[in-house]
Amino acid sequence: MKYRSGLTAWLVIIFVFVPLGLLRAQASSEEKPFAEAHVVLQLSDQERESVVLDVANNLIRHYGGPDLIDIEIITFGPGVRLLLADSEHETRIDSLVEYGVRFYICENTLDSMERETGVRPEVNPQAVPVQTGVAYILEKVAEGYTLVRP
Amino acid sequence: MKYRSGLTAWLVIIFVFVPLGLLRAQASSEEKPFAEAHVVLQLSDQERESVVLDVANNLIRHYGGPDLIDIEIITFGPGVRLLLADSEHETRIDSLVEYGVRFYICENTLDSMERETGVRPEVNPQAVPVQTGVAYILEKVAEGYTLVRP
Amino acid sequence: MKYRSGLTAWLVIIFVFVPLGLLRAQASSEEKPFAEAHVVLQLSDQERESVVLDVANNLIRHYGGPDLIDIEIITFGPGVRLLLADSEHETRIDSLVEYGVRFYICENTLDSMERETGVRPEVNPQAVPVQTGVAYILEKVAEGYTLVRP
């Protein structure tokens, strides 16, 4: 009985608390298993396009390579223009994607643009669509990502 | 003795670690007991008024209704204009308040405006005054809310 | 055997879980041991200089004195101008530094400015240089600071 009581406490620690701790610590370990930090860069102002891309590049350099930092760039509102087909930053986006940076675009914003102009804007094929940009941010923060709006 | 040692470990787990975990997880469960996420939207730029209101509406739609997402909108600096009596967004504010969104206005900002103009601006009665906008944000984040500045 | 099993569970709780909890809670207790909140204020827009300084002052007033709130101001991109030698805010910076507010400047930004203009800008001696502003933010958030971009 007493042995089992101690054992159960151990089992609780091993199977409940340890996994909970890991869940908090290991944000998206599938994407970047060796990353020292996990960051969501928010782009919702068109004039911040270059700053966001610079920050992504600086972070990769700072951490010593693309495997050591896990970066997602989430665009919504006027920020989506970075990921439209005619963006001037296409080359920089491609090179960041090769480094494992993921780009997301808010479909609610695209829906609004379509309603206003009658045409749905053409999107960069590198961009992953998500329905609601800020809801996606909330999910990532819950997984352990740090939100930064450069 | 041994039984009590195991039992005490259990009691520590149940009364110390489990409540600590719940404290972290349950942000403001009184306001929105069924909310899946708790978010503070910061408005400190006048030109972001519409974006902040759009984000609130999109989140309510995304989560499937006003009970499933807990939203506070905190205004300070030039952002307070959304909550002054002559705001063009009064109807949208009223409809978000009906959905349980809470609006806060920074009294330090109102104090500064009064000092500069000699008149204290009239405030939308839906706005809850807080002394210092950013201090209120820090409290909410400590309760488990995620801060987003759209 | 059984006694040791219970004891080991205790030791695990005391030496593993308790310190982990403290690590999370005690952000930078060396700098401001009595601080009730730890905040990183991000300045990356030149037009937000005054707002950031106002927020720092308001927080110190709100918490009842400089020992009760731990504030770091991190500048990068166009935000670094606050900390260049010719800034109009030098007096306000000095008075905040006396209150224990720390100012940081991103060296990557200074490097870019030097590449563009041929001259490295002169920096306020109160500013502490960090290589990559956003990487420094990520470190502070991991230590328990709350990031706010006023």
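Letters A, B and C name the chains as they come in the text, with residue numbers starting at 1 for each one.
The definition used in the following text is that a residue touches a chain if its C-beta (ideal position, glycine included) is under 8 Å from a C-beta of that chain, and two chains touch if they have at least 3 such contacts.
Worth saying up front: this structure is predicted, and the values here are computed from it rather than measured.
A.B. asks: After a C-alpha superposition of chain B on chain C, what does the rotation angle come to, in degrees rounded to the nearest 5?
C.D. replies: To bring chain B onto chain C, one rotates by 120 degrees.
A.B. asks: At the chain A/chain B interface, shared numbers over all numbers used: above half (same) or below half (different)?
C.D. replies: Under half of the interface numbering overlaps between copies: different.
A.B. asks: What whole-number Å value describes the gap between the mean CA coordinates of chain A and chain B?
C.D. replies: Here chain A and chain B have centroids separated by 23 Å.
A.B. asks: By residue number and range, which residues of chain A touch two or more other chains?
C.D. replies: If we look for residues of chain A contacting two or more partner chains, we find 2, 5-6, 9, 13, 17, 147, 149.
A.B. asks: Report the residues of chain B in contact with chain C in the complex, numbered from low to high.
C.D. replies: Its residues touching chain C are 1-2, 5-6, 8-9, 12-13, 17, 20, 42, 44, 76-77, 108, 112, 131-132, 134-135, 137-138, 141-142, 147, 149.
A.B. asks: Under the touch definition given earlier, write down the residues of chain B that touch chain A in their complex.
C.D. replies: Those residues of chain B that touch chain A are 2-3, 5-7, 9-10, 13, 17, 21, 37, 39, 51, 54-55, 58-59, 61-63, 146-150.
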